[in-house]
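Structures incoming, each one as C-alpha cells.
The two complexes that follow have chain A in common; it is paired with chain B in the first and with chain C in the second.
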Partner chain A sequence: STGDSWGIFTFLCAALCNLPALPALNCSEELGAGQSIQQTYDLTRYLEHQLRTLAGTYLNYLGPPFNEPDFNPPRLARAERVPSATVDLDLWRGLTDNARLAANYRAYSRLLCYLRVLDGQVGTAELRHRLAHFCASLQGLVLSIGGVMSSLGYPLPAGPAAPPAPPGAPAAPNDFLKKMDDFWLLKELQTWLWRSAKDFNRLKKKVPPAVVTLRLEARGF
Partner chain B sequence: VSPAADPAVISPQDPTLLIGSSLVATCTVSPDFPLKAEDLYWTLNGRRLPAASYAALGPSTLSVALARLNGSRQQSGDNLVCHSRDGGILAGSCLYVGLPPEKPVNITCWSKNMKDLTCKWAPGTEGETFLHTNYTLKYKRRWYGQDNTCQEYHTAGTYSCHIPKDLALFTPYEIWVEASNRLGVAVSDVVMLDILDVVTTDPPSDVHVSRVGDLEDQLSVRWSSPPALKDFLFQAKYQIQYRVEDSSEWKVVDDVGNQTSCRLAGLRPGTVYFVQVRCNPFSIYGSKKAGIWSDWSNPTAASTPRSERVVGSCDPKGGEQNTTLRRELKQFFGWVKKHAYGCSNLGIKLYDQWRVWLQKSHKTRNQVGKEP
Partner chain C sequence: YERVGADVTMKCGSMDWDAAVTWTVNGTDIDESHLNGSYLILKNVGLSQSGQYACYEGSSWHLKYQTFLRVGTPPKEPVLMCRSNNYPKGFYCSWHLPTPTYIPNTFNISVVHGTKDMVCEKDATPKNRCHIRYIQLFSTVKYKVTLTVTNPLGKNFTTLTFDEFAIVKPDPPESVVAKPVPNNPRRLEVSWQNPSSWPEPESFPLKFFLRYRPLILDQWQHVELSDGTSHTITDAYAGKEYIIQVAAKDNDIGTWSDWSVAVHATPWTEEPKHLTTEAQITETTSASTSSFMAPPTTKICDKGAVVGSGAVAVCWTAGLVVAAYSVLFI
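Right, the complex of A and B next:
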C-alpha cells in the first residue's frame, strides 16, 4: 500500500543521511525545493495516519481514563517541556518561511527525542515495535524539513536539543504523572502534524521550483 | 498559568500488591487549593468508586477503601485517581496488583553447527501474573564460576534467547532462566548440557529424486551431506519421508544410516511422489548422544514410470482418466510454452516440475510431519 512505501522511503532517507547537518544537497539535490515541500507535506500526512494507530495502542496500554475519547487532564507545569503547536493565528500567518520551517524542525527534533526515551521504557513487545517504526518515520520527517531548509538557503537551527534530562532528573516523579506526560506527548505530536500540513501547504504556494535553482546558482553551490 | 505545586498528593503512590489484598488510599489537597474533603471523589480505571467506601480523615484529606483487589487491568498499572467535584484530576496513583512469577519450565536448547546456542522455555504460570515479567537466561561453564547473561531475546518465539558466540565445546554448561516482576523472582531448575550434545544442522542440500531405469515401483533418492559440518568428524543419520501427490500422509524411511542415497521401493507406478530428507548429526567428535534433527529439505518431486499396457482392472475409471490426462497435458503444454521458451527438453523431469508447481499454486496440501 502507499503507506508502506512511504514508510520505506523515510526509513531509507533516515539511513542514508544520518546527520541532519549534512549538506542537504545530498538528499534534495535532484529535487527542486517545491518538490521537497510536497514530499514533506505527504510525509506529515503519512505520519498522522501512523500516529492514529500508535496512539490507540499506547493509550489502551495506559488504560482508562487515558483511552477515553473525552479525556482532558490538566497540563501541569512540567508538561511544558514538550513544544506546543498551538499559536496565535496572526502570529502564525506572519511567520517568515525561515521561521516557519525552523519551528517545525525544532519541534519534531525534540518530540523525536522524547519518543525515543519512551521506546526504552515501554512494556509490551508490540508497542516497542510500533514505536520504533514511528520513530524511524519521524526521523525521516526531520531530515526532510532540514533538506527543504538547506535547499532554500536557510541555516538549520542549532542541532536537535540534547536528549532529555538524564533519568531521575526532571523526569516524572511518579508513574501516574508519567502517564500524563505520555498522553500529552502524543497529543502534541498529533497537533503538530495537523499544523505542519497547513505550514507546508502554505510554503508550497510560495516556493516555485524555478526560483530555487537560480538562488542555488547565485550562492555558488 | 500553571501551578507550581501539584494540586494534591495520593498515598500510597504507585504501590505493588498481591491479588486479593486490600488497600486504603488517601488524597490530601495541597494548602494552596481551596478544596475540602467533601469536594473530592475517587475513580479506579475511569469508574467512580462508591461514596460508601470514602472517609474524611481531615479537612482536606479523603480516603477510600478497596477490598479484595483483582489483578491489574493493564500491565502499566490500574489508575486510581482523586478528582475535584467538577471532574478535574488532582492526583493519581498506579496500582500494580498481581502475582509473583512461577519458575520457568521446559528449557530446551539447540546449537546450529556448534556455532551458537538458542534456548527456549515456557513461563511457569498457567494463567497470568498481571504484572510485566522479565525473563533472563543465564549460563555458565560448570566449574568455572562466572555467570553470563544472554542478550538476544525473542529469536525463536517470545520465550527464547540466542547466544551467538564464545561458547566452548567439550565442557558442560549450566543454563537457567530467571523470571522477575514487581512481586518477586523465580528461578528455573538448572539444565546441564554440552554443546556437542544438542547440535543440529541445515537440511541436506541437492536432493535429487530420479527413476530407476524402467522400474515402475522404485525411485532413487540422492543428496549431499550438509556442507557446514564437513570439517567435523561426525556421523550423520538421515531420514526420508515421501508421499503421494494427492495424499497428506507421509511415509518415513528411518534406517537410512550414513549413506547419501537410498532407493524407495514398493511404490505405485505412474504416480508423482514428493520426497524430503533431513539430517541428524549424531556422534560429533565421538559423542554417543543423538543430535537434533534438522528441518526437512524442500520437497522434490518425481514420478514412477507407467508401462504402456493399461490393464483395465487397475483403472476402474479408465475413460474418465483419459479426459483428465488430456486436459492436464493441455494445461501442461500451455505452461511449458510460457516458461520453457521453446526449450526442446520436454523430458519427464519438466513434467514433474510442473506437477510440483501445480501443487504449490493450488495450495491444496500443506506439508505434514516437520517435527519428530
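Right, the complex of A and C next:
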C-alpha cells in the first residue's frame, strides 16, 4: 500500500542521510584552508563533468520528452522541495563566507539524499553503477566542504535535515510526475555544481591570508 | 506600400475612368501606354519604381491625386542572437533581417523568464540591440526571447530559448602584445588583458587559449592557460615572423570568445650590429666580431663556456640560427 511504501521511503532517507554528517576534521587539519578550497573547487568541476554523462544516460532512460534538448517544462510546486541554486544576485554577492559554505553544504547533503533514493529505485545495472559512483563522489564533496568549514572555524550546519519530505506529503502519484521529479533533481544538481564553482572562486580570493600562512609555517616553509 | 512584383493600380482620386489625365512620377510624365483610362497600371513593380506619383487633370493641370509609392518586401524571419559577455551582470540580444525590406520596419522584443516578463532595454548604439540585467543568478529556468518584426507589408518573428549558462561568451582579450625576448631566438613573450566588458574577473576568472604559427606555415600551435595574462612561447622557429591570437572563456561555463586581433612578432635574432656588442660583453677576445653570423657564433661555441651553464644553450641556439639561415639561403 502507499502508506507502507511512503514509510519505507522516509526510513530509507533518514538512514542514508545520516551518513554524510561525519565531520572531516582530520583531513582539514593537514591541509591549509586555501588548499582545501582549491580541492573542493576541483571536486565540483569533476562532479559537473561526471554529471553530464550521468544525466545524459538517465534522461535517456526516462525517455522522451525528458531527453529532448529543448524540453522546458514549467516548474511545479512539488519541485520546490529540491534545494535550488537560484539566488538574488546582490544577495549572492553579499553572502558571508560562512553563509556561502553553509548553503553549499546543506544543498549537497540534501541532493545526495535524494540521489541515494533514486539509486535504490533505478532499473538498469549500468545506471545503478553510475549513480553509485556519482553518489560516492558527491559524498566526497560534502565532506570536503565540511572540512573547509571546520578549518575556517565555522560550525557545520545541523545535520543534512530531516528526510526531504514530511511524511504527509505525497510521493509522486504517477509515473510521469515521478520522472519530472527526477528531471528537476538532475537540473538543480547541475546548476548547483555551476554555482559552486563560482562560490569557491570567491572563497579562494577571500580566504584570510593568516590562516594560510599559519599552515605554511607549521610545515616549515 | 506595395510588394515587389505586385501589380499596382492607381486611381486618379475621384476622377472617372474615362477622364483625361496625366500621371507623373517624381515630376516626370508617364507614358500613356501605362494607362488604362485614367488608372495608372504598374505591373510587376520593382524597387526603382518607388517615388512620388501624381495625377493631374488633363487640360486644367489641377492636381487631383498624389501618393508616395514605396516598394518593398514583407520581412523574412529575423536573425536573433543573445549573449552574455558581461556575466554575471546580464546579457544582450541583437538582431537583424537577413535581407533588406526597403521599407521601414519596427522590432519588438519580449523576454520571458519562467512566468516573469522582463524588460529588455534598447541600446542607443548600436541599434537593433537591447540588454537585460540579471536579477537572479544560477537559474534553472530557461529564458525565452521572442523578436517580432513588423512592416506595412507583413510581419515575422523568431524565438530563442536558452539557459543562463549557455549564452556566456566573453569578448576577446584586449591589448595583445607580443615581443621578442633579448638573447633568446626561440622565444616570444605574449601578454594581454581581460576584455574590458568582463566586469568581475576576480570572482569570475577567465581562462585563455593562445594560438600561434609562423606566417609561412598553416598549422597552429595551441596553449591553454588557466591562469595569468601572459605566456612565453619557447619553441618558436628562429627568425620567422609569427602570428599570434588569444581567446578567452569563463573558467567554468559558457563558450570561448572570438579570437583577438592578431599580432605579429619575430623572435630576437642576432644581427651583426648586435653581435658586436654581444661579443664584446660575452667574449674576452675581440677577434672577428665584425664578420658574418656564422664565424662569431661558432667562435663562441669553440671558446667554450661563455655564460656559464648557458653556454650549451647558446651553442645550441646558435647552431639553430645557423641552420635557419642556411635554409633561407638554399
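Please note the rule applied: the second predicted complex is superposed on the first by the 177 of 221 C-alpha atoms of A that agree within 3 Å, B and C clash if a C-alpha of one lies under 4 Å from a C-alpha of the other, contacts with A are read in each partner's own complex, and residues count from 1 in each chain.
The rule is simple: a residue touches a chain if its C-beta (ideal position, glycine included) is under 8 Å from a C-beta of that chain, and two chains touch if they have at least 3 such contacts.
Predicted, not measured: the structure shown is a model, and the values here were computed from it.
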| item | value |
| --- | --- |
| Partner chain(s) touched by A:Trp92 [first = chain B, second = chain C, both, neither] | second |
| Touched partner set for A:Ser84, first chain B, second chain C, both or neither | second |
| First, second, both or neither for A:Trp194, with chain B first and chain C second | second |
| Touched partner set for A:Arg202, first chain B, second chain C, both or neither | second |
| Touched partner set for A:Asp70, first chain B, second chain C, both or neither | second |
| Touching partner for A:Leu62 - first (chain B), second (chain C), both, neither | first |
| Where chain A meets both chain C and chain B, residue numbers | 74-75 |
| Residue ranges of chain A in contact with chain B within the complex | 60-66, 68, 73-77, 80, 123-125, 174-177, 179-180 |
| Residues of chain B defined as touching chain A within the complex | 2-4, 6-7, 10, 13-14, 43, 45-47, 73-79, 81, 88-89, 91-94, 132, 154, 158 |
| Partner chain A, residues of chain C touching it in the complex | 88, 114-115, 134-142, 144, 161, 165, 202-205, 251-253 |
| Residue numbers on chain A that touch chain C, as the complex places them | 45, 48, 70, 72, 74-75, 84-89, 92, 184, 187-188, 191-192, 194-195, 197-198, 201-202, 205 |
